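Some structures to go through are shown next.
You will see two complexes here that share chain A, one where it goes with chain B and one where it goes with chain C.
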Partner chain A sequence: MLNSYIFSKILKQNIKTKLFIFLIFIFFPFIVNNSYYQHLMILVMMWIVIGSGWNVIAGYTGQVSFGDAAFFGTGAYTAGLLSHQLNISPWWGMAFGGITAMVIALPFGWICFRLKGAYFALATLALNEVMRHVATLWESLTDGMVGILIMQSFVSKIPYYYIALSLAVFSVFSVSYIMNTKWGYYFVSIREDQDAAESLGINTHLYKMISLNIAAFLTGMAGALYMNYMGFIDPEVVFSLHDISIMAILVGIVGGVGTIYGPVVGAFVMVAVQEIIRTGFFGILQEVARLIEIEFIDTIIKYIMQAHVMVFGILVVLVILYLPNGIVGDYGKIKQIFSKK
Partner chain B sequence: MEVFLQTLAAGILKGGLYSLIGIGMSLIMGVMGIINLAHGQLMMVAMYITFVCSHYFAIDPYVSLFITMPSLFFLGVTIQKYLLNPLIEADTILPENQVLMTVGIAMVLTEIARFIFSSDYKSVTTSYSNSTFFIKNISISIPLTVAFCIAVSFTIFIYFFLLKTDVGRSIRATAQDREAALLMGVDSKKITAITFGIGSALVATAGTLLMPVYYLFPDIGSPFTRKAFVITIIGGLGSTVGAILGGLTLGIAESFGATYVGMAYDDMIGLIIFIIVLIYLPGGFKHWTKI
Partner chain C sequence: MNILEIKNLVKVFGGLKAVNNITFNVKKGEILGLIGPNGSGKTTIFNCINNFFPITSGDILFKGKSIKGLKTNKICRLGIGRTFQIVKPLSKMTVLENVMASSFCHMQSIKEARSHAIETLIFCDLITQKDKLAKSLPIGGRKRLEIARSLATKPELLLLDETAAGLNPTELNKAVDLINKIRDRGISILIVEHIMKIIMNISDRICAINFGKMITQAAPNEVANHPEVIKAYLGGQNASG
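After this line comes the complex of A and B, so read on.
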């Protein structure tokens, strides 16, 4: 499986832009010392991991899953419970979180993969909700709605940033690697025409399950990272349909389904757009409004900041209408719009 | 024995209301294959319209049915025509963009409601909100019974509409094979918009009928969307009789779950039935009723 030819092929593409961006990421926490922005970057890294995981099962294998929060929550709870009940350091949860999520992925896939299209999406949604209810109701194991609180290992955000960065690099690299092997071609063939793939002798059940396990592993690790970083989780947060599952889908689709760097761009855009709208371009818009001294613009900016979720929703609607393949997928379209001017 | 009958009665009544929500979504999913995640939010819009009518214009909820149904019909047609129709022809890798579009629409509708009305809990109390009548020691709530009867009559009406009228037949044709219907001269885009409108109008009915007995806040949409899914899948896509059976099943199951297992478990029971039906009876009750 480990093929040095594929390694060199991935590394040689666009080597200069990749190195440049990579260097920016590595030196980022030293350039920007504000812990708010560091927090945002850690979130971006986490969403890169989750988005890449979703991209494997949905973008490349064509099975759009609405239930990624189940894996995220499993990873987070594994890390949390290891620390809470067994007094093992939660960093072990990073490894075990991914593995537990893979264990959950087995019945998940067994139930859901016999369905296609709309039914599959609904089944994953239902299983996500079932996991949330199990976490809430099984109080002897998970303390129910009270959640799990652990002591964080580091005070400053910088170690967390580097761990998240390495996780993100690992996930993008491994997805890129897998997509260049035979497995990648099997996945895409399942997406394009499952029956034709089956008739060519590709064991679609096996490869769909493998693809789901990869997604579960990556998302589970992201969940464990979340537990370590935030220090507190409860079922409503980590198994949330809206905040995790649907956000993962948005990261994937806005970034670009079926592309390697789609989730990276998508994670950036989603986190940035949310925070920019919520804080009015980090307070810059308010300063500008005060300088211009037109009251009308000031009130409009205030309303937009308060209704940030609505603006976010409108943006989602517009992106899906005009850039259905995401930013990376529809890059040609974007270049066309700008070159016509 | 009394507890059992009481639970059964409550379950049937709840089920009738659920089936109204379910028929709308079943029709939309059957005809267009779009998972409409904004269904609960449309119901919320209808409930807010009812609230405004009752609060500011002193119109009784049952009368405001005549206001909410047409307005939601138009809202549904507009959403379909300008937001969802362009996606059907778009050239994308994944066909699931429509689902995401409905998520965006749901978000926007919820936030608009929150913006206008704030997150306070609102309710409409009428003279008959709490009245019940008794059959041999079992209390049956009057507003829910009225809702149940209206739900059943609408279902019968929709059934005959789909079977006998021209528009109904065009809807069924578009559902079965969109391109063949186009070849036969059916304007698929218009029919799709009308179907979304009808689905929205039905869910508006459910919302208005539920208003006297329930409270209202902007986030009320999501649990109802989930229940609508469960009912649609249990009943089978596009099947009206299936939607009634699905709604009744869910209502009775939730009732019994809440009474005999525990209050917190009623959602779980619905989800477990959902998964069992998905695995063992794919296609839902439509398999048995064949409509």
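After this line comes the complex of A and C, so read on.
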């Protein structure tokens, strides 16, 4: 609530900038015709949705989740299976994906919210793995490791962009709305001191469940979007610990834990970082390796490109050291550093 | 009329009987003091009343109905507010947000909660601090915030756990005024306190406990002169000598 205060004040003061940013988002596919960048923007929008969800449960309610992929994958598989098994349009998955993710979250939360702090985080990690194994082993339903392939609805990326954009806008606005109601105050109270919250008449178990279900719903919808957009999923992809769960945490931490716009900034930064590492600084590293012609360096560069997860780890260390409240939370600090120079 | 009745309360931690067969009542509108040396079980009694610890045996009646086994938040909703000896402010929220969070106990909309929180802050003389972060308050302010927060849940019975500990003389007087003001609102108070000057002045009756057992319950001056109370506080030899 408070960390986003400065940032939101800046946004409010600067209506013109806000409008400008908004228009850029609206007209982005017409400004940038390159389908690769359109693809990246769709990913950014998807990560805004997941990041916002993670932010509700971990950032605001303080129950750190390492298992967002469980909800993401459930959403994706819901959309995929609707089309694959029942021949229903996978777009229905956008609605049902969120709901099935909540169906997973309900019993999980009911049981596991007896655990606090790191123990709860471990339970979410376990949920992640359980769901991955279910998807892998229940071959009669999910086709196991073969995965699910569906026909994509559109050839162009533009419709996907607008669907992703509206989903991102929906999630940011709904989270900011919720945080300004009784629920929001309750979530933050639980984060600050669970015993105090309980003794002030807050049913902490219930409100943690509500928070988890909001997160699950948003993440599930993002999963369904992923299925529709990519057209192919398998358990290793959508239930991936490092590519989904850890990435969700990074989007939240880098952007700013417990801030409305944190996940937005975090999604941009993290998708960019992931893409830069994955492509080896847009091919520059390969070019360097080719020029140097030393096999050893060539190998190292190849490993670096594959090791984006390691870079994530270094990034977390740096962010926690220098920007513990994330980019949005420490916006004032960043501004200070730059204005000094 | 008794607002709170504690009947044969027993709480055992492993082999230790922290609270051993304690019985007392809080009458409506009175201030009941609870005194005893460190570790005599005062805070444990509080934790049993609002079910932070499940009680081993005995019963607790609030307004004639048993609240044994109810969840902590439910007990608060019924009308028992409490403060903590070791203050637990919601540190990253402002003072106003702290009180608003507990105002939601009996109201739904932000507007209502805000105006109720502001009223409560005025009552507790914290209104000038309302936009400060809770963690930036000095200890006196934090103790008042504890009281403001539990008052915002509209309690009929308030459990105050050492709200005067660590305060300077000016703050002490303010705290006494505040407690009297709360009583004038018709809220019954059960207070644990070590500072004798305060508890002797504000309490209508006092219960003295030691090693989890009730020594005596009577009017303040009687309790102060009770040989066993003196013995508990000053030690056996000094008392006899």
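In this section, the second predicted complex is superposed on the first by the 283 of 341 C-alpha atoms of A that agree within 3 Å, B and C clash if a C-alpha of one lies under 4 Å from a C-alpha of the other, contacts with A are read in each partner's own complex, and residues count from 1 in each chain.
Criterion: a residue touches a chain if its C-beta (ideal position, glycine included) is under 8 Å from a C-beta of that chain, and two chains touch if they have at least 3 such contacts.
Please read these numbers as outputs of a predicted model, since none were measured by experiment.
For chain A, the partner that touches more of its residues is B, with chain B and chain C as the two candidates. Touch criterion met: A:V257 reaches chain B, while chain C stays clear of it.
In the overlay built on the shared chain, the residue A:N180 is in contact with chain C alone; chain B does not reach it. Residue contacts after overlaying the shared chain place A:E129 against chain B, while chain C stays out of touching range. Touch criterion met: A:A58 reaches chain B, while chain C stays clear of it.
By the touch criterion stated above, A:I301 is placed in contact with neither chain B nor chain C. In the superposition on chain A, the residues of chain A contacted by chain B and by chain C do not overlap at all.
The touching residues of chain B, counted against chain A in their complex, run 29, 33, 35, 83, 86-87, 90-97, 99-101, 103-108, 110-112, 115, 222, 226, 229-230, 233, 264-265, 267-268, 271-272, 274-275, 278-279, 282. Those residues of chain A that touch chain B in the shared complex are 58-59, 62, 64, 111, 114-115, 117-119, 121-123, 125-127, 129-130, 133, 136-137, 191, 241-242, 246, 249-250, 253, 257-258, 306-307, 309-310, 312-314, 316-317, 320-321, 324-325, 329. For chain C in complex with chain A, the residues that touch the partner chain are 50, 52, 71-74, 76-77, 82, 84, 88-94, 97, 100-102, 104-105, 108-110, 113, 133, 149-150, 153. Note for the complex: chain A touches chain C at residues 1-2, 180-182, 185-186, 188-189, 192-193, 195-204.
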